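Each of the next two complexes has chain A plus one other chain: chain B in the first, chain C in the second.
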Partner chain A sequence: MGLLDKLSVWLGRGRAEVTVLVLGLDNSGKSTLLQALRPPDARAPPQHAAPTVGQTQEHFTSGGVAFSAWDVSGAPRHRALWERHYRRAHAVIFVVDSADHLRLVVAREELELLLAHPDMFGRRVPLLVFANKHDAPHALAPMQVAAALGLERITDKPWHICASCALSGAGLADGVAWLARQLRDAHLPHAHT
Partner chain B sequence: MTRWLDVEVGTDDIDLNTLPQNLALLDLHNDNEFKLLIGDFGRGEDGPKLKVFKGAMQISDTVLPDLPLGVVGFYISETVPRSVPIIAVAYSSCVFMYRNLKLFYKYYLPSIELSMCEMEVWKQLTNPINHNIDAIKPLIDSLKAIPHETLTPQSQDILTLTPEQRLEYLENNAELPSRNNAEIVCINTLKMHSIDKYSVSCVVIATEDGDVILLEPQTFSQLCQAKICGVKKTPFQMITTGLYSVDYRITIATREKSVCILKRDWPEGRILFNTDDHIIAIEVITADSSVMVICADHSMACYSKKGKKQWCLTLEHRPVAMTLVPVLHLGVTLTGVALASGHVHLYDGKARRDTVFVRGGCVGVGARASVRWQGAEGHCVCERCLTVEHHDASASGSPGVTLTGVALASGHVHLYDGKARRDTVFVRDVVSVMKFGQLGQEEHVLIIITGGGNLMLKILKRTADFSAHAAGVEMAPSALTGQKPWLIPKKSKLFLEQSVRERENATLMHKTFQHELNRLRLLAATTLLEAHKKSDNSVGIGPMESMRLTAEVEGLGPVFRVTLMIENNSKDKAVIGLSILFHVHTVNYKVSNPYIKVPLLSPGGKLKFPTKIEEVFDDNISPDVLFRPVTGQGGERSLIKVLLLKEGKKTPVLAATVQMPPTDPMMLPFDKMQAIAGIEEKEDSNWTNKT
Partner chain C sequence: MSFKRDKKEEEDSGGNPYQNLDKTIILQEARYFNQSPVNPRKCSLILTKILYLLNQGDQKFTTQEATEAFFATTKLFQSKDVMLRRMVYLCIKELSTLAQDVIIVTSSLTKDMTGKEDLYRAAAIRALCSITDSTMLQAIERYMKQAIVDKNPAVSSAALVSALHLSSTAPDLVRRWANEAQEAISSDNAMVSYHALGVVAGSKRNDKLSTVKLVTRLARAPLKSPYALCHLIRLAAQLVEDDDSDAAQPYIEFIECCLRHKSEMVIYEAAHAIVNLRKTARDLAPAVSVLQLFCGSSKASLRLAGARTLARLTAKHPTAVAACAVDLENLISDPNRSVATLAVTTLLATGAESSVDRLMKQISSFVSEISDEFKIVVVRAIRRLCTKFPRKHQSLAAFLAGMLRDEGGLEYKAAIADAIIALVEENAEAKETGLAHLCEFIEDCEHTALAVRILHLLGREGPKSRQPSRYIRFIYNRVILESGPVRAAAVSAVAQFGAQRPELLPNIRVLLARCQLDEEDEVRDRAIYYSAILDTGDQQLINDYIVNVPKPNPVLLEKALRDHLATTPDEPFNLLTVPAEEERKESKEAIVEIEVRKPVQMSIEEIYAEQLAVIPGIERLGPVFKTNTPVDLTEAETEYRVRLLKHVYARHVILQFECVNTLSDQLLEQVHVRLDVPPEYEIKSIVPCQKLAYDKPGSVFVIVEYPCAFLDSLGTFGATLEFVVRDCDPNTGIPDPGEGYADSYPLEEFEMGCSDQIRARAGSDDWEQTWERAANAPEASDTFVLSQNDINEAARAVCEHLGLPKAAVVGDAVKDIRGGGIFRGGAPVLVRARLAAAGGGVTMKLAARSPREDVAQLLLAAVG
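Let's look at the complex of A and B:
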């Protein structure tokens, strides 16, 4: 755990907000997923999501943990910017389009690059994988996605995969609750009991 | 470290048999998800089909009326939102246009009018009165008089027959020859006004007779028509660059070992260059319009847009297919060449950057490996396995056997009965068609269809680097064997003048040089002699070579501290029996300890001996002495010799001369100064008692 993390835990005891990084290939549904996680009153009317450029920040609360989520663009030319956020991330949400069979290998490659990065390697950062668009035709089951991404080989981080549908919000609460539990145990032992 | 990600393709029912021109990448449903369209010839009783792949998954299958000769996709309008693209599929002499995979327009090539003479002859031939050998003969002769190329296929046929067969032929089909339709050989598109990905394009068709026809995108009427070349050439591959309304080039590979070029407003193209052997494929690099050619003689060559040969490589095996691999974010356009050995090489210019090995269809066979053989019936579930015959044989010998086929990454397929291996088959698969472009949402996908009918997809990694140092591929053989020409700079004017001068005044130059050399030698000898005379050397010679003596002078005067340092640089020898002797004129200096015995000096050791030396002033001292550094006239007076002696040796081992600095006048006792200044004073000897 870096100094910054300790500092944020120490400073953030009152606020109790953790930084979570939302990553994934373009068109995997990151922005839509975060839209669905917002509190219902703050939710924008449903519309056709335009591709994110750069990054945007979203706030939501789950399981007594306040999340500050960074939604980073997944376009190929912007993927090189992901690593700028690694250092300050307490958790990573990796979104995969489970209906896009072609690009599962690309998602796997990006995930491997993420896990091997010096700012990530060896840190106990919880990794939550959303097998998104599970309602789409020909969508793979979460276990198949996990196998395709090679998740079973991750040893230095707790990980969890769950099927989701960002448009309807199905499966999101389940995954985020797991993440909140992990973060509460690891980072905020005094905030909530 | 590979630069490609392999996509697993479920290949159970993918069996492709196609040609490079029948592949198209198209945003078919306007959802920014590019589909792969393949005009498939089919195998066996399966007819030709248009197959659409989303990623690695086949999503649609349309039966085609004839064998497809080319599949292209293009846009016919620039409305917002975008209209769906049109698919044009070329058949023998017509082009069918499909929208949303529904046929909506058929274009037929203009028919060629029959010559009047031929028609006249045929009218007589079809007349039953003329149906005897004698009557036919003059008619056939008049047919022979007409140039052979312009004849209809029917006339050409009848000329090849014997007189009896001709008679029989005429009695059976007494018809006038039908219209002569040209055959399409290749089809392509050309952007009309803008190079944008979704801009309007027109269809370009090349025919067997060497005509190139451009079709208007809205009405599909003929925009213009041109011959590819003055002489008869048969095109087989056509590449378009540029814009119709600005300037365009159509580069055409022909079956007659030549590449032709057709530009805007030319009624007839011309030959760009000829090759030594049959052309297998061409590609045009958009940046400089240079043409890449692979030929049947294992050569890969690059020609400039003027048709000048830039370079030529000899490939290890026969090339099979070629595709351009533009990687825009790296700023390179690579050329992918597939060889008959199963390798795909990527070249940047003539430098090889990457090699991909298409392993014996491991993707396809691997997926099929789990197919269980139904031994009792003696046939396998998978019809397309290469081992069917073999399997039948073994199964009939022992009914009820269920063999398991396991495909290995090396391209071998092992057949197991339980745990006993029954047979090994080596599946060698080579590329038959290759295309690079956007598929799905991934921009850099290399699509390979192997000879065995498998589909392979390879995605270029985001982090891939094709620069020379990162390529990791061995250097081109030409660079290794040193065939690369030396970089010799051009002879400058200065160089030429100098060489002329040298040639003219050679004797004088030699003399001057020798003269200078002798002077240098003399100078060196004089210096050596002088050093010998003074025996002034702080570095020892002979066995005492490793000794060094240095001196350091500190103080303002008249008492100085001279520190002598003796070093033994030898690595393994100690020195014993040394002593130091100061050699000074007693009138000028007084040394507190003129003889010092040096203890044993260990190898690499260093000893310091501080000694006090006092300058002595007599009464009639010249003021010059005090201003030595200013006047430079200290002379012999200010020198101290230090000798390093060794027991039992007559000559000193080392000698050093120390130039003493002048005493600061301010440090002299006042009365002495008075005396020096010439004021009559009693001599005071106080100062001499100083230590």
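Let's look at the complex of A and C:
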């Protein structure tokens, strides 16, 4: 990992944090997920998360990339505010409650709106989808979620879906590692050659 | 020397770095916030500029611009720089009222407010409370409760003050935090304790019983915080004022006890409260002696407080203040001019006639050095002197005229003009000199409003003077030199001379003819109007349209005209239907109240016009003719309190039953009134009150049509309140499930009298002529024997029946009541009554003249 270490030192010093948007319907687990991503010492005592009003801001590091994550409320009346963040987002994390079969269509609709927005369309912004709450009974498999969201039709962005459980933290590291890799590739294409 | 030079250089080079900021450039700069990493220094500077612009206010942000700036600002939450974060809070607070969607920072702020960084927490609470609306409050309630009892005083204070602000929008919610606030009262920190008391007292403002409990409890266990103690004194003083009985004695004792507190602030507050209470001079002695001590203090602020309070006290208890004369004499030469002014004016008010000249000399030595505010104090003092010592008017008027020539703002000039006008009106001897001073003043007056007022006065008083032609020259100069409004006022004033002094009429005609060529429409219109009226030579016409013009209440006139345009724009508008402006009540001024609590003077019709607007079809009834003062239909301390207001219209009367439910565990629904009307009356419609919650007044309106004949309109109404009761939780006001039960509550009977339907006024000087002129109108007269034994009492009772003010009564042994008025529908009526004591009883001869005979008869019937 000598190369990677060097890379991360170089990245950490030379580049600022990457801005990543965390989106998804209300009660999909965005705030809990970010809570689990924080370094262990900064983690608040586990508690039942209250619905976010508006937005909050988290910092975490993974795979040598410093993330500045914007957790934006998913409540219907606040979804219109998402687009205010699109322009400066380097990556998007879309969280889906895989046990909420009924509202998958709503999530799909919101995702389509997001992808079609002028600030997003055509940009190579990595999209990471978490099929959250995969431990819940009746949870759909990640592939089923991907199909339900119509991810296969996305051509202008790299995307990845992985199952996760924000409460236990399972699956999060994998997903974020993919994201870190994507971002490194995008911003440092020569690092691999 | 070098210091001086430095200072000068600074002044030269310095200036305001934020001058000439441009809104669009700054909004451009705000985009810089989106960059990462954030540069705290640069961003703080931009935020400062935004704040400066917002507070300057000359370049207003549109909603869209504010929202842009706001969202850009929210991006700065990613920086951890403490100073920058605090600037962000300030900016959020300022933008919260302008921008949209400000709630999006709620979670960011709650995070900061509950976080570890103490520097963030207080400011985050304040910002949070400024962005939340009542719907979001529930979400932050838990955090607020925690913050109120936080051990960090800054956090606790911030939460309490925010709660105080929120209580204006969501009083119920804040009331639920009272327990936490209660706990915070006993905090060791002076400010926290004070703020907590403010919140607790604010939440109990409408609940007298618990306020009593609160004050009693805290008075027994004295607070440590002097601020909180001051607030407590105010609360106690309020309780004493509301309740004059012996029950208030413990509060008075508490306040007096505070006079011996070690903090000067508390001592002053207590003295101030005692002085404010309506008490006899003897009870004031301890407070006055404290104020006297203050006058001798080495601190200027204390001297000012002492002198100022004593100055205000002079009006109420001059004797109490006279005892402090020696101390006040010492203050005349005080280096602080404000203190000196107050001392001199107080001495003027309490002193004897002989000392006036000496004191006036003192004042004139420093009058040019004091601020306008204190100059007004001096002017008011002189004005009172004019009333007190009429013989001194010569020197006082000269002094006022001298002040009038000095520099000063409108308010100051207006105060002087007021004083001279009062002098002219009260003192016949001073009239000529006073008017001459005013004439001189308008020659060089830059305030339009003031010039117009003085011209009006000259028009009214000038014609009655010995040499009216003198004033005409001054007035006509205005026509040549001044702006439009002043010219118009001058034309009206000139016309007054023409109307009242026939010997001047030819000259006036010439002047008015010249004014008809004016370039301003209003001036021309007035000139033509007055010339036409003067040309008719009809004394009656001239009197009605130039000399004694009724002035309708402007607010009601506007409303009536608007209604008229909305309903019947084709018919001519009848000016008589609008209530005339009431004579300004004896100006209470600030003298009686030592604290300046000036309620906005509104006529009763204006107050209720808005409430009446809810009635469907109200505009069809025409303009409101008169609203009578409210009558209580229940005893004071009953379950439901009901007050009746009679809004009289030309053909209808609207009975407004103002109900208050004083039971906290009941919710009344579908409240309406069952009315027993006298014969010939007809109930047109009822607007019930759907819901009557605890302590929230609600009104039931009943529209009743008057009988066709005026004579049938006297009668007695019976009324019963009917409603559905639902029991509810006293704390939340949420009704228990299930149906309520119907109930009723009897109300006292009430009358529809003559005084309700007439807008009466006392007879003026020329009443005799008016009465004679109405000689051919139908007259009704009769002789009555009154039941009262005392002639004064009898006269008062008659006035009350007819709706006449007490001023209508003249004469001593034989009382003469003269008055006139307008009956609803617009019929004028004149009334005269002679009362004489005859063998243990009082006999009265009453005569009424009106073009409508039935109105005259009704007046008689009302007394009989």
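Keep this in mind: the second predicted complex is superposed on the first by the 172 of 193 C-alpha atoms of A that agree within 3 Å, B and C clash if a C-alpha of one lies under 4 Å from a C-alpha of the other, contacts with A are read in each partner's own complex, and residues count from 1 in each chain.
Throughout what follows, a residue touches a chain if its C-beta (ideal position, glycine included) is under 8 Å from a C-beta of that chain, and two chains touch if they have at least 3 such contacts.
Everything quoted here is computed from the prediction, not taken from an experiment.
By the touch criterion stated above, A:19 is placed in contact with chain C alone, chain B being left untouched. Looking at the shared chain after the overlay, A:27 reaches chain B, while chain C stays out of its contact range.
When the two complexes are overlaid on their common chain A, residue A:123 makes contact with neither chain B nor chain C. Once the two complexes are overlaid on the shared chain, A:81 sits against chain C while remaining clear of chain B.
When the two complexes are overlaid on their common chain A, residue A:57 makes contact with chain C while staying clear of chain B.
When the two complexes are overlaid on their common chain A, residue A:38 makes contact with neither chain B nor chain C. Judged by the touch definition given at the top, the superposed model places A:68 against chain C, while chain B stays out of reach. Listed in rising order, the residues of chain A touching chain C in the complex are 16-17, 19, 50-57, 59, 68, 71, 73, 78, 81, 84, 87-88. Residue ranges of chain A in contact with chain B, taken from their complex: 25-27, 76-77, 79-80, 100-103, 105-106, 108-110, 113, 138.
By the touch rule above, chain B contacts chain A in their complex via residues 5-8, 55-57, 329, 439-443, 445, 457, 459, 461-463.
Chain C makes touch with chain A in their complex at residues 34, 36-37, 71, 74-75, 77-78, 101, 103-108, 110-111, 136, 139.
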